[in-house]
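Note that subunit A is present in both complexes that follow, paired respectively with subunit B and with subunit C.
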Partner chain A sequence: MNRKATEPFVRIVKRDGLPLWHSWLIRLAALALALAVCAAVIFAIVRLNPLRVYGAMWQGAFGSAKRGWITLRDTMMLLCIGVGLAPAFKMRFWNIGAEGQILVGGLATAACMIYFGSAIPTWALLLLTFAVSAAAGAVWGVLPAFFKARYGTNETLFTLMMNYVAIQLTAFFVAKWENPFGSNTVGIINQTHKSGWFPAVFGQQYLLNALLVLALTVFVFIYLRYTKHGYETAVVGESERTARYIGIDVRRVIIRTMLLSGAICGLAGFTAVAGASHTISTSTAGGRGFTAIIVAWLARFNTFVMILTAALLVFLEKGAIQIATQYNLNDYASQMITGIILFFILGSEFFINYRLIFRGKKEAD
Partner chain B sequence: MKKVLALLLALTLVFALAACGNQAADPSSSPAGSKSSESPGAETSDVKIGVILVHDENTGYDFAHIEGIRQAAAAVGVSDDRIVWKYNVSEDESCYDTATDLVEQGCGYIFSDSYGHQSYMQQAAEENPEVTFVAMTGDTAALSGLSNFKNAFNDTFQSRYVSGVVAGLKLAELVANGEVKDANKNADGTIKTGYVGAFPYAEVVSGYTAFYLGVKSIVENVAMSVTYTNSWYDPTAEAEAANALVSSGCIIISQHADSTGAPSACQALFDAGTTVYCVGYNIDMLSVAPDAALTSAQNDWSVYYTYAFGRILAGEEIATDWAEGYNEGAVLISELGASCAEGTAGKVAEIEAAIKDGSLNVFDTASFTVGGETVTSYLALDTDGDWAGDTGEAIENGVFSESTLRSAPYFGLRIDGITELNAS
Partner chain C sequence: MEGAEAAVRMRDITKTFGPIVANDRVWLDIFRGEILALLGENGSGKTTLMNMLSGIYYPDAGHIHVDGREVSIRSPRDAYKLGIGMIHQHFKLVDVLTAAENIILGMPGKGRLDLRAVGERIRRICSLYGFDVDPQRKVYDMSVSQKQTVEIVKVLFRGADILILDEPTAVLTPQETDRLFAVLRNMRDDGKAVVIITHKLYEVEELSDRVAILRRGQFVGDMPTKNTNAGEMTNMMVGRPVSLNIERPEPHSPKPRIVAEGLTVRDIDGVTKLSGLSFTANSGEILGIAGISGCGQKELLESIAGLQPVESGSIVYLDPESGEEIQLIGKDPRAISALGVALSFVPEDRLGMGLVGNMDLTDNMMLRSFRRGSSVFADRKAPKSLAERVVGELGVNTPGVDTPVRRLSGGNVQKVLVGREIASAPTVLMTAYAVRGLDINASYTIYDLINRQKEKGVAVIFVGEDLDVLLALCDRILVLCGGKLSGIVPGRGANKREVGMMMTRLGGEAEK
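Up next is the complex of A and B:
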C-alpha cells in the first residue's frame, strides 16, 4: 500500500478471532452508551430524572414477585420462539412464518381444551395438546420447506403467506367458538374447571412454562452443536453445494430442520394458550414471531445467549409499560427508549466484526 | 485510539454504575413499588382505584371513560394520586396480569372499560376476594356468584332512540322536499336507511333496534340494513361499510362502532352531491362531518363513576348491576348539527321528557313485530351457557324492559324491517 498517497481518514477492517470477553465488553459498552443517550433524550424531552425513569423500568419488570414471574413467563415465550427459529436460521432458511406456526399451535391447543376439556384428565390432556400443537406447528413449517426442497420456491414469501392463512384460520375458529355468541372473542377457555391449563408447579403458576422452554433450549443447543443432524444443518446453511458434494441429502435436511423449527414454534403456541392466556385470538402470537427474529439474530443462534436477549427485550417492554403508567407518558416515549437501545446493541455487532483504523495509525494497532 | 476507547468505556460504566447505585439507595423513588401496600377500604384517604383501559385518550370510547373518571374523582374528592391508570391493555391475559398487578399495588377497587376484559377481571376477582372488580359493559357478574365482581352499563338504547327521532325528523323533511328518490326506496316503497355495527351481539342489536324504532316513530315506511365490521374500532372498514350502504341507496347512516370512519365517508359523499345524513356514537361528529352529521348518541360515564366512587368512599358496596339512562343523566345526544330539520330541538326535549317520566317506552311491543307477529314473551338470561335465554321474562304489560334484569343489554330479537347484510 502506498502510504504517501491519499490515505482515507478512517478505514474499516474486518476483525478476526476477537476474544470472547472483548466482544462482550463491546456489547456492554454499547448498552451503557445507549442508556446514556436515552438519559439525555428523556431529560431533553420530558425533564424527568433519567435515573428515576430507569428505576421505574426496573420496578415494572421486577418490582414484585408477581411482576418477576410475568417477566419470566414472557421471556420464556419469546425464548421458545427464538429457539424454534434457530435451526431454520442456522440453515439460512428464512423462516419468518413463526407467527403462523405459533397460531396454529395455539389453535390446536385451544381445540383440544374445548373438545376434550371435560372428557379426559388434565395430565393426559396436556400430553395430547403437547403432541397435537407440535404437529400443527410442524405441518405449518414443513409445507414451505417441502416446496423449497422440491421446487425451489422462495421460503421467505411462502412462510410469510402461511402467516396470513393461519390468521384467517384462527379468525374462522374464533367465530365458531365465540363466547358469548356474537362477541367475536373466545373468552377464557374452561374458566370453571381449568382443565388443560398448565398446573402450578411448587406453587408457581408459570414454572412449568419455564421448565418446558428451558428443556427445549438445552435440547436445541445440543442438537445444533453436538449432533450429526445439527452439523448437516450448518453445512447446508454455509453452502448447499458443499453439502451436496460431501453427500448430504439437502432436501431431507431442509424438511427435517423445518419440521423441528415448526414444531417448537407450535409448542410456543401451546405455552401461550395452555400456559398463559387460556384463550385464542388472532393476536395470540402478537407479533412475537417477528420479535423473536431479533432475539435469535442478536444471539447468533446460540440458544443460551438467547435467554439474555429475550430477557432484555421483555425487560424493555415491561419497563416501557411501567413508565407509561407512572409518569403518564404514552407508549411512544418508551418505544423511543427501546429503539435507541436496540440501535446501539445492533450497532455494536459492527464493532465486534470490524474495526476502524484512523489515518496515521499503524495497522497492527 | 485504545486510550480513547478505554476512557469512553470507563465513563459509560461509571454512568451505568451510578444508575444502579441510585436504584439501590432510593427504592422509594417509585411510587408504584409493591412495598407500599395499603389495606384497601380501611380509611377513605387510603382508597386506591385502578383503571384498566383498552386504548388511550385517542379513541372516543376510552376518552369518554377517562373524562367520566376524572369528573367523578373531582366531584367526589378522590385525589389524582389515588388513581392508577393502565392504558392500552389488550383483551387477553395481559388484562389479568394488569388486574393482579393493581391488586399488588394496593388498589381496593379496579375498573375495566371494555367488554373483552370481563373474563380476565372475573378470574382476578375469584382469586382476590378482598378487592372489588367492576367490568364495565359486562354481563356475567350476577351469574358468576362472586360478591366482589360487578357490572355497569348505561341505558344507551334510550339516547339511540332519541338520535333515531332526530334522524326521523330529517327524513320527514327530505320526503316533504321531494329529496327522497326512487333509488332510496325498496320495492315495497320503504325508505332505505343503513347502520354500521361492530358485532352481531345483543348490545349492538339492542342499539340499532332502538335507533330504528326512533326513526320509525316519525316516518312509518322505513327499512334499515345493518353491516357488521367485526371490530369495535376500524376506521377503514367503517368507511367502506358506509360507502356500500349509501351506494345501495341508504339516505340515513348510523353506527355502533367507535371511529369517525362512517361520518367522514358520509361527509365526502355529501360533498360529492349525494343526499345522505348520518348519526354518530360516543363523540360529536360535527368536526369531521359538519354538513352530514345530525347528532351522536352519547354516554356520560361520570354519572356511574360518581355513584361508584361515592359508594367506595362511604364504605358501601357497589351494586352488582347498575344501569341508568335519562333519569340520571347518564345518556344524552350531542349538539344538534346545522342540517337538522326545523323543530328538532323541541321534539327531542319532548321525547326525552317522555322517556324520563316513563310515558314512552323504547321497546313497546306494539311498535314492532317479529315475523309479522307481536312478541309476547322473551327470556333474557342464559344460565346454562347455550346462548339461548332460559330464565328472566323481559316482556311485561306489552313492554320489553331492557337492562332491568341485568345492566348489559339483552334485546336480541331481529325485528321486521331490519336486515342484517352480513351476519356470520
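Up next is the complex of A and C:
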C-alpha cells in the first residue's frame, strides 16, 4: 500500500518559539505579496502601471510638507483612539463605542471653546478643555462598564448604542451652535482670535497633537505592563474566576479601566476639535473609532506597535484618496487595495502561529 | 501472546509540539482479548500516543498497522472505520440530550431517525457487557459514572473493537471503579482489545493482562502484568527507585484552628449543597475530606475561603498568635487570605481557577503577592525568584519561568498552583484534588510538602478522591454524603470499604 497516498495532503502544525526576526520576516513577506497582488489587480482592471500607482499613493501621503504633517496629524488621532482602546481590550471588554466617546469629548471641547473662548487665556482654556473632554469621554465609557459590572449587560451592544446617543447629542448641539445661521454647521470656532486652539510648537501647527498622543502612548504602555492596576486588568481579562478567587474586586477593575479607556478616547475628540478641525459635526469621529479597533488588534494591544499600524492605515487612506483623484478612479478601486493589504497582513498572523506540512515532506527543519 | 497477530502495531511513532518531543520513536503492540495498561508519569506521552491512534493528532513520523495493514488515521472518523474508539478524560456529551441521542450523534443515517431501534441496540450492548444505561435519560440527570458509561456505549455502538480509555477511574468511587473493571473484563473476554491509560499502579495490577511503560516520551518496555510488581513498574516509570510509602507523622499538640458549626450553603439555583455541617480542623493535623465528587467539597472549601455565600451557620477562625476568635462568614476573600487561610483548589479544568493560562509562571506567582507594598508598580522580582524556586523544588517541567502556564502539561500546572499556595506561608492550607492526574513522583512530592506544612503547625484540609491516599495521609477523615456529614473517622486504622460505604449512604449503614 502506498503510504504517501494516504497521508493527508496538508497538515497544520502549531509553531512555538519562533524568533522575533523570523516573524517580522513573515510580515514583510506578506506585505510584499500584498503589493504584488495589488499590482496584478490594478493592471488587470485599469491597465495602469502599478509602480506609478504606488508612487501616487506615496505622493498622497508625503508628497509635500503639508501633506506629511496632515498624515502625521491623522496618524496621531488614530493612534490616540487605539491607545484608548488598549486597556479595555486587554480586559476583554469589547469597547466599540470609541466613536461616541470621541464625539462627546469633542462636544465638551467645542462647548468650552464657545462659552469660555473670550473669557480666559488660551493656556487655561486648553487645560480646562483637556480635563472636561477627558471627563466626558470617561462618562461615556463608564456607563456601559457600570451596567456590565453590576448587571452583566453585554458591553458590545451597550457601547455601540452609546455611539448613536452621542451622534444625536452632537446633532442637537450643532443645530444650537449653528454659525452662520442657516448653514447647518458650527463653522470654525473662534476663527478670529484662535482661542482654545492648539498653539504651534516650534512653528509646527500639529506638533502638539503628536506630543500629547505620544505621551499617552508611553503612559498606557507603562500602565498596562508595569503597574498593579495594569496587572489586575490583565487578570480580569484572562479569567474573571481567577481574579475573584484571589480577591480582585472585578467590578472595580472593570469600571476603573473603562474610565481610563473612555477618557483617552475623549481626549482624541479634544485633539480632533481643538488641535485639528476647530469645529464639530456628527462626522468628527468619522468612523475612526472603528478603524482604531483594527489598529489595536494588529498591534496586539501593544501601544508602541500601534504607532506603526496607525501609520500604515492612515498611509493607505491618504494614498487611496490620491489615486482616486489623480487617475479618476472611484473610491472603490483604492478601497480594494486597502482591503488586499489588510487581508495579507492579518493572514500572515496565521503563518506566524502555524505552519503547513505538505504530503511527503518529512519534518526536517 | 507470542505468535498472535497484533490488532494494532505502532512503530517508531514520533510526535513533537514545537520544541517538545511528546513521543520519540515509540513501539507499541495491542492485542485482542487482552487488557493493556499504558503506564507512565505526567507528560510521558501516553495520551498523545493514543490520540494518534484515535485520529486526534497525526504522527510526524512512524507507521501504524491495524490487523497487519498499514493505515493512515487522519481523523476520529478514520479511527472509527478501523474499529478504534477512545473515551477521553473529559466527556464529550451534550447535556440536554438523552443517552440514546448522544450515542447516535454525528453518525451517518438516512431519513427518519428510529430512536426506538437505537434504544433496542443500546440495551443489547448493555446486557452483553453488563452496563447499566437508560437510553431515554437526559445526560444532565446523570452521575459522572453514568456519563462515562454513555461514552463507552457510544464507542461500542460505532462498532469499535479496540477501546482506549484515558484515566477512566479518576472520577469514580471505589465501587464504581469495581463495576467498570468488571465491564472491561467482559469486553476482553468478548475478544476486544482494551487499553487503559493510567498512572495508578494498583489498577494496573488488578485489571491488566499486560503493561507497557512510557517514560519522557520513550517506550521503556512491556511485560505481562503477572510477571512484574509495583516496585519494578515504578522504577521503570520514574527511572530510579522510589519509596511507595506515604509517611504520616504524629500530630503534635493539635489545637482547634477552624471551627465550623451548622454550615448550610445553597447554590445560585437554590439547591442545598451543604446542610448543617459541623466540624473542627486542628493545627498540626491533616483533615481529609472524602466524598463522591460534587457532594459539597467545593462549597465547603469556598465558604471557608469567603468565595461562597453561606446561608446559615458559623465558621470561626482561631488566631494562633492572639487566640482571638474571628468569624469568617461575611469577610471578603482578601481579608480571609490575609489571615493566612490559603486555598489551592484544583478544579476539573485545572486552569479555571487559581491560575491564568495565558500568563507566564512569574505572573501567576504574582497573583498572590502583587498587592504587597505601596508602590503603584508591581514587583516582578520576588515572584520570579519564587517561580524559579518552585520549578526547582517541585521539578516543574517547563522551558522557563516565562512560559505561559497553559503550555505546561496538567501535572506541571498543578505543581505551580500548589507550590504557590504553600509558599504563601499559610496557617490553614486547603487543597482540593491536589494530586488529581499527577504521577507518582509528583504526588509524593506534594504529600511531602503537605506533611512539612502539618509539622509546621498548619491546619491542613485535604480534599481527595483516592481513598487509599486519604487513608494513608490524613489524621482524621470527614466523610461527606450529599452535602451532609456522614461521619468523621480517624485516619489510622480506618477501613476503605467502610469509608466507601459512608460516601454513598449517610452513616454508612450496611447495604440491603
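Just so it is clear, the second predicted complex is superposed on the first by the 355 of 365 C-alpha atoms of A that agree within 3 Å, B and C clash if a C-alpha of one lies under 4 Å from a C-alpha of the other, contacts with A are read in each partner's own complex, and residues count from 1 in each chain.
Heads up, the rule we're going with is that a contact is a pair of C-beta atoms (placed from the backbone, for glycine too) under 8 Å apart; a residue touches a chain by one contact, two chains touch by 3 or more.
Since this is a predicted model, take the numbers as computed values, not measurements.
Annotation: superposed three-chain arrangement on subunit A; subunit B versus subunit C shows no clash, the two fitting side by side.
Contacts of A:T227 after superposition: subunit C is touched, whereas subunit B is not reached. Rounded to the nearest 10, the angle at the Cα centre of subunit A between the centres of subunit B and subunit C is 140 degrees. By the document's definition of touching, of the two partners only subunit C reaches A:V235; subunit B does not.
By the document's definition of touching, of the two partners only subunit C reaches A:R15; subunit B does not.
Look at A:Y245: by the touch rule set out above, it reaches subunit C but stays clear of subunit B. Set against each other, subunit B and subunit C differ in how many residues of subunit A they touch, and the higher count belongs to B.
Once both complexes are placed on a shared chain A, the shortest Cα to Cα gap between subunit B and subunit C comes to 15 Å. Interface of subunit B with subunit A (complex): residues 1-2, 8-9, 12-13, 15-16, 18-19, 22-23, 26, 29-34, 56, 84-88, 90-93, 97, 100-101, 104, 115-116, 118-120, 122-123, 139, 199-202, 204, 230, 387, 424.
Subunit C contributes residues 16-20, 58, 60-61, 63, 69-72, 74, 307, 332-334, 337, 343, 345, 351-359, 363, 366-368, 370-371, 375-378, 399, 407 to its touches with subunit A in the complex. Within the complex, the subunit A residues that touch subunit B are 25, 28-29, 31-33, 35-36, 39, 51-52, 54-56, 58-60, 63-64, 66-67, 70, 175, 180-185, 187-188, 191, 276-279, 281, 283-284, 286, 322, 324-326, 328, 330-331, 358, 361, 365.
Of all residues in subunit A, those touching subunit C in their complex are 1, 3, 6-8, 11, 14-17, 226-232, 234-235, 238-239, 241-242, 244-247, 362-363.
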